[in-house]
Amino acid sequence: MFISKGGRLVRRISLSVAAISCILLLAFSSIVVYQNQALSFSLYQMLPALQFSFFIDRLAAFFILIISIISLSVSIYSIGYIEHYSGDTKKNSLVSLMILFMLSMILVVASKTLFSFLFFWEIMALSSFILVMFEYEKKETRKAGIFYFIMTQLSTVFLLLAFIMIYNATGSFDIAKVSDASPFVFLFLFAGFGIKAGIIPFHKWLPYAHPASPSNISALMSGIMIKVAIYGLMRFVLFVLTPELSWGLLIFGAGVISAIFGVIYALKEHDIKRLLAYHSIENIGIILIGFGLYIIFSAYGLTQLALLGIIGALFHTMNHALFKSLLFLTAGSVVNATETKNIEEMGGLIKSMPYTALFFFIGAISISALPPFNGFVSEFMIFQAFLMSWSLASPMLEVLMIVGLTIFALTSALAAACFVKAFGITFLAAPRSEHAKHAKESSFSMLLGPAILAILCVVSGVFSYQIFSLLGYASLVPNLMIISIFLVAVYAFAFVSLRAFASNNTRIGETWGCGILSQNPRMEYTASGFSEPIVTVFKSVYKTKKTNHRTFFDKYQSIFREGAGEIQLFKFFEEYLYMPVARATDYISRRVSCFQRKDLDFYIACSFVTVLVLLLIMGWLA
Amino acid sequence: MILSIYAIVGFVALLLILLCRSHRSMNALSTVHSLAYFTLALYTLLYVRLPSFYLQDRYFFIDHLGIYEALIAAVLFFFASVYSKGYVEGLINIGELDRGNLKLFYVAFNLLLISVTYSFFSNNLALFWIFAELTTVFSAVLIVTLNAKKNIGAALKYVFMASTSMLFSFIGLIFLFTLTEHALGAGTLNWDLLMLNAAQLSPTILLASFVFIFIGMAAKSGIVPFHAWLPTAYAKAPSAISAILSGSVSSVGVYGIIRAYAILHQTAAAGRISTLLIVFGLASIAVAAFSMLSQINLKKLIAFSSIENTGLMILGIGLGTPVALFWVLFHKLAHALTKAVLFFSGGIMHRQYGSMHAEEIKDALELQPLASWGLILGAAAIIGMPPFAIFVSKLFLLLQAAKLSPVLLFVVLALLLVAAGAFAMFLSRVFAQDGGNNNNKKIEKYIVPDGMTFSIVALIVIIFVLGIFFPQYLSDLLNNIVAELGIK
Amino acid sequence: MNAFVQYSVLNVLFAVLVSPLFMSLIKKVKALAQGRKGPSLFQMYYNLWKLLKKEVIYSSNSSWIMRVTPYVNITVMAVAALFVPLILIPQPVYGIGNIILFLYLLSLAKFFMALSGLDAGSAFGGMGSSREMTISALIETITIVVFAALAFALKTTNLHEMFLQILESNMLFLNPVLILISISVFIVLIVETARVPVDNPETHLELTMIHEAMILEQSGKNLALMEWSHAIKQLLFMGILINILFPWGIAVALTQYSIVVSMLAFLVKASVLAVAVGLFESSCAKSRLFHLPSLFTIALFFSVITILIEVFA
Amino acid sequence: MIAPALLDNLIKVLINLILATAAIIIVKRDVLSLVSTYSIQSLLLVFVASVLYMENANVMLLYLALLTLVSKAMIIPHFMERIQKKLNIKRDVEFHYLSPTSALFASVFIILVVYFFLFRILGELSLSNVFFLGATVGVSLTFMGMLIIFSRKQTITNIVGYLTMENGVLLFGLFLTELPLIIEALIVIDLIMLTLLATILAFGINSSIEEFHARLNPFKRFAAFKSRLLNNEGEDE
């Protein structure tokens, strides 16, 4: 799976091989998921303590399933996508790194020992970092890369802390139950995985890294890499530690905050990939809400509700992987075709890129949690868990549930609004720029990849009831197949009957523009215009600052000469969380490096003082 | 026996270098010399019963630690001399090195190898001290062979800082000698005897002598606050030499600390020593990490990273457990090799751009893909990313640190993060720079000679293999060393 | 199964056929309140009939979104009609009747509608979509909380079961919880059906309009479908409110007699509600878009109060 | 045989003289007299070694005295004077961090600290008074040498400071113990090499790079010291 030299053909072959191995993995993991039997094997032992051994149970197999599906479609997509880069070496390294990246994710999930988990986790981090930096010539990419790198290393730092504490508690590297772990272990794990998953307030790297990296990589990162972090969190919290109520509350709270802030920030974005990145934060939040609910309900012994929570979280993990990768891939096609990431410069693409538009549309419906697609099913389960929380014993918790529910509902409603904007401004109406006017539909492989995901989005939504029955969780979801049959039937009925009984004359005319003939794209509603009401409603969250300057012809200020207005978005987390840390570090570093600019005498004096001090200490201690 | 072969080989090599005229033959001789040392060390390791002693006063000896260090040094010198072939030629071509100074360069190079090797084989600590001082002399000579005024300043800094502190080491040795004279009747500085009788010696004076010895060794290995010479010297030295300086010359200092620590570990003073080492180790990591962050000179960055890693090793020694020492030793090897990759790649950049400053390096990935990837992979390796060797050693050192105190672990991790960030920032800044559209004077591509390519690629392969494959033999060897050092 | 199919056909057909009546009724009430005579009660039927016979004009900018939206809307409304029993409460099957599913089906329709507003590239459409999505984001949240309050009060998440429970408990007008909730539901009804003070269904081409702006580019039978589905939606929300407050009269078993009675009962109850809506509308003024959240907060407030009562009592 | 008490007093006088030379080095600005003060200091060291020989009758000490005499009192000062004439630096007037007076006060402080330290550390060895004094002055001299290095600007003065440090170590060693001769000899050679190198470097700082290399590179010119020492090196192994 690792090829670095050669031309187009070699790349094709290697990607196809990757795709085929993904199919095999897919088959394998679905068998494991279906049969619910764990298997375990040891691959290679480096030192007695350092084993690369693997263990695949239902949870791991489920994540491997997700990874292999996404990898499959991204591999196929990449066959076409990478060709727009120049230089064989560059393309080849992209392919090989990408395959390494996918492989490392699978191996992280399959790891049985802390050591191999960390090992592959780091390989995953490294390969993804290089992939983010792939378009290194751009300044934003550099910034993004650094940011990503620091955050991902920070995550490793926390994980390492936790792992080391686990190791000290158990004395072995096995991922096995720890009887009495300190709460710090959980906190470190949570921080470590949280950073990687992009939980607010550790989210800032996501909106930088995703737009900067190539789209197939964004799809992988957003689709599955952050899910690997979710996997880690679930694996460690459930299988290594013993979850406590307070942890559940923490996870729940983080989930709620991530969800709402993710979507609110997404609404104001016009960079299509950054918008999707913020939605990843939102969806991670939703997954965490489900997971948090699971822990909370388990603590109160409400098995049925807990099941709803965890299955909802897991299913949403898969769904998010499906539709977010789908969206990133299609967004990548769009960005390729229009050479811009700004949706204000797109528009009208539904006519020039019909299939891409269709796939994006399916993704948009799924992510907006509209029935009968898959996004709905998982959010439905979480909603259901919320609504049925009346059986909780603690009134305070119930109140918390209500607050959570309110925010969660708002989140999913805002997500829909955001995707109306994303789809509407990008694909509908008339092209808003020259580039958009000349956009071309993507090549076959770039359609086939998303097509797989789009079909899966529909299938896993419509047939969710059947799927869950197969796995033994039948009672959790409504039978969407019936609903879909109804929908199709009524649609067909309405269509046929109107075709038969109503007038079938149609005419193509120009959009009505209050009498102005010949519309131009500048008269269309813009993305900023679209989100303006919501931004105004949530102005306290955005901390927007509106300023305007006007000049007038006369002193009574009635004849308007000219004016300018601007809206400044205040980046809360950047201002209050990231920048102070960065500034402090920078300050220290500048102070410390002052030391390096002194002359020899100074250094000798330093040694002199140090030696004297040592002398005094020794004399004193003796 | 072995030792005299070493001496003869070294002497012959020196003699031949003095006789021959062409660069090619001098380089070949150096390569053969280091290769011979490598073979000898390997032979000793495999077929000689260790430890074995030499001369009637047992001034020299070869034990597992010595041979291990000698092996590392030989490997480094080998790669450095292979690398030098093209590199030094390049230096001459652009006039940074006079052809007339070539002989001096190679003589000093080989003398450095000899003195480093012998310092590892010295049983007598005073002898060790002498060889350690000699390494300073030869390194300084190597630094000043280049035609740059700034190099003299760097060398002066090095000589002054290292040797003034080394004088304190000597005071420490005198303490030690007096102590043994009083306690055992006859004074000795032989390490094996000291180890044997450590328990009978007064911990207070031992502690004092350790602290004095430590001061010198700290200056030699660049521990904060004795480190100031290091970044300048590494940055000014030719890259091949920087690799050696970082990998084996400053390693002499760490070696000395290990030896001295082993003695102290047998006594009641071990706890205090540990504190001392951990404090200095931590200070080194901290200062180095923060200095790296605002660094704009590639080689200085790498040099500070050496300080950081040395700090980690000192900290590891301070932890004082067998496992920690085991991984310190492995870290030494891994760090030496990884640093060599970095310095060698940096050297290519220097040839290409004539500068190490971040803003000068442009279009690096196009012009010098090998060096760029060498830097990227080397940086990844040095900050402890798998699948490279340092990952494992760092992991275990941290594990050991956690056993002592979670706070320590946290602090170290945070500092390592800063260092990693510094690398990432620097590299991404460098590689993101393109020449721009207005470069009328298209930079001419520097053609990398095969020897340089070979060194870099081979080293990367080695650190990669060490990262995923831990030979049983190596682990036995390291365990032997730990046992010999009496760390329990 | 058979009973379910019968219920489906009956309920859906009833909703589809009766819904336009109440649109006209509200108009009539408003006209009377303003001292005008007002249109006929069947005016909406005439309108629909007329529109169905007209040709459809598509903008040259528009795509298939524009073309499918009317059908999607009417389809979704028809299917949503399964969720709100108007004349008969069946045994819930297949998860039909679930409140979340119900709300999200409506969202689906709204999603398409908002997109179709953007499709033609008209500034009006865009503005309409933007405002509609803003308001719907807020009101959906509140709707869900309102339904959560219902769920907490009645311990079920299925509309059918809820109504059945209310019917079987003899708490005629006396349950304070349900009254509180019905205030919220009423506000939801006003918002969802685009009425004053949120929206003004009478204004055309004015900057206050929301819903109308979105469907500005629709014409002919497509417009008819949009209008019709809007009417059905209104009827469904009215149905919910009626069933919460006064479900009595609705059939629980499928006999011809009970069906007829329940149909009549529903017509009466709904007419009363429609009059109330009309009067309410007449007594309010259209409020500014950015003042709307305060209205929504009232609904939220009542439902949260309800939940607190349920939780702490 | 001379009475031990007298010898003790003699040693005390010599030690005081050594301290005095160190003080002179600290405050002197004239480079030439710095070097000559240094050679006087080395000479005093030779005397100390000889007096100790008279006391202990240890031949080692005599050898050591001889070695010191040749290297420190003759070769190094000679070499330094040559370099210094070449460079034509007469005065070193700049003081860093410490003015001459405060440097003297600092020296007193250093002596106190060292005394305190040695008292605490070496207490259990029960050394005789004179020896203890010698050790203290030795270590203090080392520190004072370091003080000279960082408080003076010119490299040549720094070298004198370094040499003073060496003398301090030597003094300390003389009083405390005697190392095996071969080791001592090697150490002295080592130190000479270092000093030479440092001197050449100091020369390099103030001259052109060509001149510097000419002096540094024994293969380019005869530079007799260097090449002989290098050969010595070969024999070491």
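Worth a mention:
For clarity, chains are labelled A, B, C and D in written order, and residue numbers in each chain start from 1.
Throughout what follows, a residue touches a chain if its C-beta (ideal position, glycine included) is under 8 Å from a C-beta of that chain, and two chains touch if they have at least 3 such contacts.
The structure presented is a predicted model; accordingly, all values stated were derived computationally and were not measured.
Of the two interfaces, A-C and A-B, the higher number of touching C-beta pairs belongs to A-C. On a Cα centroid basis, the chain most remote from chain C in this structure is D.
Chain A and chain C have Cα centroids separated by 35 Å.
Averaged C-alpha coordinates give centres for chain A and chain B that are 44 Å from one another. One finds 78 Å separating the Cα centroids of chain B and chain C.
For this pair, chain C with chain D, the centres built from the Cα atoms lie 101 Å apart. Listed for chain C are no residues, as none touches two or more other chains.
Chain contacts: chain B has residues 153, 156, 160, 164, 168, 204, 208 touching two or more partner chains. Residues of chain D in contact with two or more other chains: 117, 120-121, 146, 149, 158.
Chain contacts in this assembly follow no simple pattern; the graph is neither a line, a ring, a star nor complete. Contact between chains, using the touch rule, shows up for A-B, A-C, A-D, B-D.
Remark: chain C residues 8, 12, 52-65, 71-72, 74-76, 78-79, 82, 94-96, 98-101, 104-105, 107-108, 110-111, 114-115, 117-123, 125-127, 129-131, 133-134, 136-138, 140-141, 143-145, 147-148, 151-152, 155, 157, 205, 216-217, 220-221, 224-225, 289-290, 293, 300, 304, 307-308, 310-312 touch chain A in the complex. Those residues of chain D whose C-beta lies close enough to touch chain B in the complex are 117, 120-122, 124-125, 139, 142, 145-146, 149, 155, 158, 162, 165-166, 168-169, 172-173, 176-177, 179-180, 183, 186-187, 190-191, 193-194, 197-198, 201-202, 204-205, 209, 212-213, 216-220, 230, 233-234, 236-237. Within the complex, the chain A residues that touch chain D are 600-602, 604-605, 607-608, 611-612, 615-616, 618-620, 622.
Within the complex formed with chain D, the residues of chain B that make contact are 6-7, 10-11, 14, 18, 57, 98, 100-101, 103-104, 107, 111, 114-115, 118, 124, 126-127, 129-130, 133-134, 136-137, 140-141, 144-145, 147-149, 152-153, 155-156, 159-160, 163-164, 167-168, 170-171, 174-175, 177-179, 181-182, 187, 189, 202, 204-205, 208. Residues 153, 156-157, 160-161, 164-165, 168, 204, 207-208, 211, 215, 219, 225-226, 228-229, 231, 272, 287, 290-295, 300, 365, 369, 376, 380, 383, 385-387, 391-392, 395, 398-399, 402-403, 406, 409-410, 413-414, 416-418, 420-421, 424-425, 428-429, 431-432, 434, 468-470, 475 of chain B are the ones touching chain A in the complex.
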